[in-house]
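I've put the structures underneath this note.
Two complexes follow with chain A in common, the first pairing it with chain B and the second with chain C.
This part shows the complex of A and B:
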């Protein structure tokens, strides 16, 4: 009888993967934290330790403050639009469950979430276009003067919110549908026997049961909106020599500091701020979950 | 739904159902409209692009836009690059997740909970946070503009390991593995011949998820692949549309061509995709 030690297979199988994780996840994460405390311009040999100076500078850097302000507005607006709209859509789709149509609805709502980002953003860019875009033509039909959607600082923010919500809704609908299918039929049955309308049943049975799922989707949507970059890049890049107003978002500011201004330590400090935001959001979600399950 | 309803209630339900269908149809159309216009614009002549209301089906469909885009840009090359990148990334994520998920789910060694904890902890950190140090490593290894350099960011997926581990723990009985061991099967054989076939469902869902993740990657390929010939589709397209002399027709043609593979892939893999995304929503 051969006696290969029991631990041999798991150790050998796991080691290369752990090595990968160490090199491409753990090390860069730690390196981000470390670099945020240094001043470094990529080229120079000198990399002086500056403590929290990068963070202190960030606190009064107008570009960074603009970025964090924009990103926060976008993230919370996208959630404020996505969650109620997606909940309503999921409820409607769920009520048509079992019909062939419901699959078509589901797929059409979900498609924007999966198609490539850049072409989708380009489609919206045409819609928003000041001279040729159908949006201006549409509002002109109602007597509203044409707006320069992508050039105005406030409107370009609105455009970005619309684009990101359009992409986020499909994901939220999908998760809500899973949640709605998990609501036991017996509860609806009981509510109906008590004379509740389907709207009431949804409001007082499905919505409370879906609350954890809504919380989860909100946090995921917030986090992914804090990481947007491609959308801002595409909407702002110039077409025929006319650059749109650049909506400065966090990742964009970070990449600019790192690759255009060569301030790697400073950019790492921004990355740490992003990380802290994400950790706070995740932590809040866990906390709320635990409170709920205790109550 | 029940057959014992009062006739008037049934009539009312039918009216409600009709309204719901109307609303859902309208919303579905609105969601798809930007993409429909994009594809239709690709086939329009310059005068028709200016027409109001915009036509959905071009009156004089033309291939000029597509032909000129294909002659101006290496679009097929970019599509090829994206395909290779997404395929390799998927292969790596599926195999590492299968192995690590199995080992972490079925072997009881000291340290395994810690390892699992670290893997889950890295899942919380967005890629954008540690992208810069990773880039510097790739740069100092001389791997900019190479496949390995591009892939480095997309070799593992913490969620994949989590998903497979959950599946292994709940759906693969220990007795099955023990029986094989008693029969003298080696661990490698057990993994390849017994465990792997059982994991096909969740691995399929994971593969679709991984493929889309790589296919739509933007910031990482943008900084790592900087030659026109090494761009991925998303990057090539984003930089093409910044060009000075591109008009809507050609932009739409390029975007529409880029849209086709992902839309096609989605419609083929919808079940798997939905299953993967739904699973990602159930982790708590």
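This part shows the complex of A and C:
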């Protein structure tokens, strides 16, 4: 009797999901890669093949170079701030587990992550306001002169880094907390018997065991930071009243090239560069964490 | 007894639930029939005459106007359902770019100069002959340029954005100034007198609010207006092609005026409140803007004492035209809507309630001007006042956006203040970039 292979049912069951994934995830990536080699204005039926001309032009485009520089500074700064701060906060919250209000600490740290992006950015815009913002009032107590946070090219980058870190830390804390809860108590007890302090136990037991979690958090934070757009847009928007210095980031530049300048092929080339950067950096992170854990 | 197993070798359903071999086919037929009924019944149930007309606008303040037109059209089409989808201009531009090529745009759409792209691509059908005749009879053809392609009319002008000076009459009187500035040199002199400062000398109320930041092309458009009033222009046409024209004396004078106000005299700083909001809050004495500010002031600062004045030589004019992008049975209703919107009574309502200036010729503005005298600077411009517009060429937006990014940095660059050579070098470099974009699109005119 002829029997149907056992793998057929799972494959058939997965097919709709795989089909959807292919349509909404894989196809756009392939299409973006293809479009980056064409000159297309989104409207015209003409779509001439231009090879790597878009990439060559990108290499000398001052706005793109500024965008890539700004985005890289923001992404690395957010990762550099988020990982240690989130780890420290997670350790503190973990040490209070079982005590009263421990849930409140977790919720309050996670809250910025669930707040809608645009209202959060609007609130930060008010905090950074040069004339009415509480930040300038605060630094005024220490005799520091008021700063043009949203207008100075360097300070506006700092503002974006603060805003993005504030949003990223909550999620990172949650993931680190899960990791910390999975560290066996027996290891801490053994360390304590060997005379290790709490800090030493954290440093030599928890941190090495959390490396896979750190890898995950750093990859996710880096990728999301490379994709920032709304924060930069909101901090510089409201052109009727109080505009700010527009920090040019990659996604914003892509949107401008696609829908303002109607240069879809060129914007696709930018997207390909972003994809390559993120892939290379993710690969580097994997390598970094893997090598160290082996050592 | 053998339990029923399926092709994978395990029990799939109870014994007492085994159906005859053809029952699956029957149930499929029933399901298909039910689905067909579900689709067909609502279609037959709705009245044949019910039509939904979707209006796409990039100006949220125009929603009441379009709703009013829709209500009026119901006398001719009683079952007409009008849906006005008015969103922010930049988002509107994006939805047009995505929907027009696929034929999924609204039934009536607004477009500015970007219409040239869609007309060139053949995505907008020609209107009926009656509409063409209507446009020819009622509009100054110089204002219809953006709605034309290869000599044919494709859209109907509705209103236009044009700049004029808004000034706070109380602040001018307090500073001993008895009227608005007449020349561009006056603007800086006025700004110096009008700026209010704290004890440290930092400005608290700007003398003249300039667009200094915010991204996008707005910075370059405002610079163009000031440049024009210094006798220059941003792009000049030669034989159907274009060339950057701002790297010259007028360009230098215009940029110097910004630097004088921001860096030298500090009559305004980038971090101060700006634009209409600053004007309404009494935080600037004067600024250049389109007529919509009048409607905005009426809502937000009805007690503000202010007046308007035309600019010395001319202003950038941005016409907004209406198009019907889809052919088919609804297109006639859509064109009726467009024509209704352009009836004199409705255009005067538009002016009075939104302060947008209609394009149609021969309108009697006297009644509206009695109520809102500030509109006079927009509808009764002096003889010789020039309206110029962004050329309807595909890279116009990119040229403006890239120039804006450079200007934003230049406005606060202290090394440029009082340094003509540095200003000239800056303008030369920016103009080269503009020309490079034009050359890429095969639109660069010979020098």
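Here is the rule we use: the second predicted complex is superposed on the first by the 257 of 295 C-alpha atoms of A that agree within 3 Å, B and C clash if a C-alpha of one lies under 4 Å from a C-alpha of the other, contacts with A are read in each partner's own complex, and residues count from 1 in each chain.
Assume a residue touches a chain if its C-beta (ideal position, glycine included) is under 8 Å from a C-beta of that chain, and two chains touch if they have at least 3 such contacts.
Keep in mind that what you see is a predicted model, and the values were worked out from it rather than measured.
Undergrad: With both complexes overlaid on chain A, does A:190 touch chain B (first), chain C (second), both or neither?
TA: In the superposition, A:190 contacts neither chain B nor chain C.
Undergrad: Which partner does A:59 reach: the first (chain B), the second (chain C), both, or neither?
TA: Touch partners of A:59: none, neither chain B nor chain C.
Undergrad: For the three-chain arrangement built by superposition, which of chain B and chain C touches the greater number of chain A residues?
TA: Touching more residues of chain A than the other partner does is B.
Undergrad: In the overlaid three-chain picture, which partner chain does A:11 touch, first (chain B) or second (chain C), both, or neither?
TA: first
Undergrad: Taking the superposition on A as described, I'd like to know which of chain B and chain C A:248 touches: first, second, both or neither.
TA: A:248 contacts chain C only, not chain B.
Undergrad: Applying the touch criterion given at the start, work out whether A:150 contacts chain B, chain C, both or neither, answering first, second, both or neither.
TA: second
Undergrad: With the two structures laid over each other on chain A, which partner does A:280 touch: chain B (first), chain C (second), both, or neither?
TA: neither
Undergrad: Determine, under the contact definition given at the top, whether A:166 touches first (chain B), second (chain C), both, or neither.
TA: A:166 sits against chain B, while chain C stays out of touch.
Undergrad: On the A-aligned overlay, A:261 touches which partner chain: chain B = first, chain C = second, or both, or neither?
TA: Touch partner of A:261: chain C, not chain B.
Undergrad: For A:137 in the superposed arrangement: first (chain B), second (chain C), both or neither?
TA: After superposing on A, A:137 lies in contact with chain B but is clear of chain C.
Undergrad: By the touch definition above, which chain A residues appear in both interfaces, chain B in one complex and chain C in the other?
TA: The answer is residues 4, 9, 42, 237, 239-241, 258-259 of chain A.
Undergrad: Could you list, by residue number, the parts of chain C that touch chain A in their complex?
TA: 7-9, 90, 93-94, 97-98, 100-101, 117-118, 120-121, 123, 211-218, 270-278, 394-395, 397-398, 401-402, 405, 408-409
Undergrad: Which positions of chain B touch chain A when the two form their complex?
TA: Touching chain A: residues 17, 20-21, 23-25, 27-29, 31-32, 34-35, 37-38, 41, 49-50, 52-54, 96, 99-100, 102-104, 107, 109, 115, 118-119, 122, 124-134, 136-137, 152-153, 155-156, 158, 186-188, 191, 212, 215-216, 218-219, 223, 233-234, 237-238, 241-242, 244-248, 251-252, 255-256, 258-259, 262-263, 266-267, 270, 273-274, 277-278, 281-282, 284 of chain B.
Undergrad: Name, in rising order, each residue of chain A that touches chain C in their complex.
TA: Going by the criterion above, the answer is residues 3-4, 6, 9, 41-45, 63, 130-131, 148, 150-151, 153, 236-237, 239-246, 248, 256, 258-263.
Undergrad: Hey, which residues of chain A end up touching chain B in the complex?
TA: Residues 4, 7-11, 13-14, 17-18, 20-21, 23-29, 31-32, 35, 42, 89, 92-93, 95-96, 101, 104-112, 114-120, 122-127, 129, 132, 134, 137, 166, 169-171, 174-175, 178, 212-213, 216-217, 220, 223, 226-227, 229-230, 233-234, 237-241, 251, 254-255, 258-259, 264, 267-268, 271-272, 274-275, 278-279, 282, 289.
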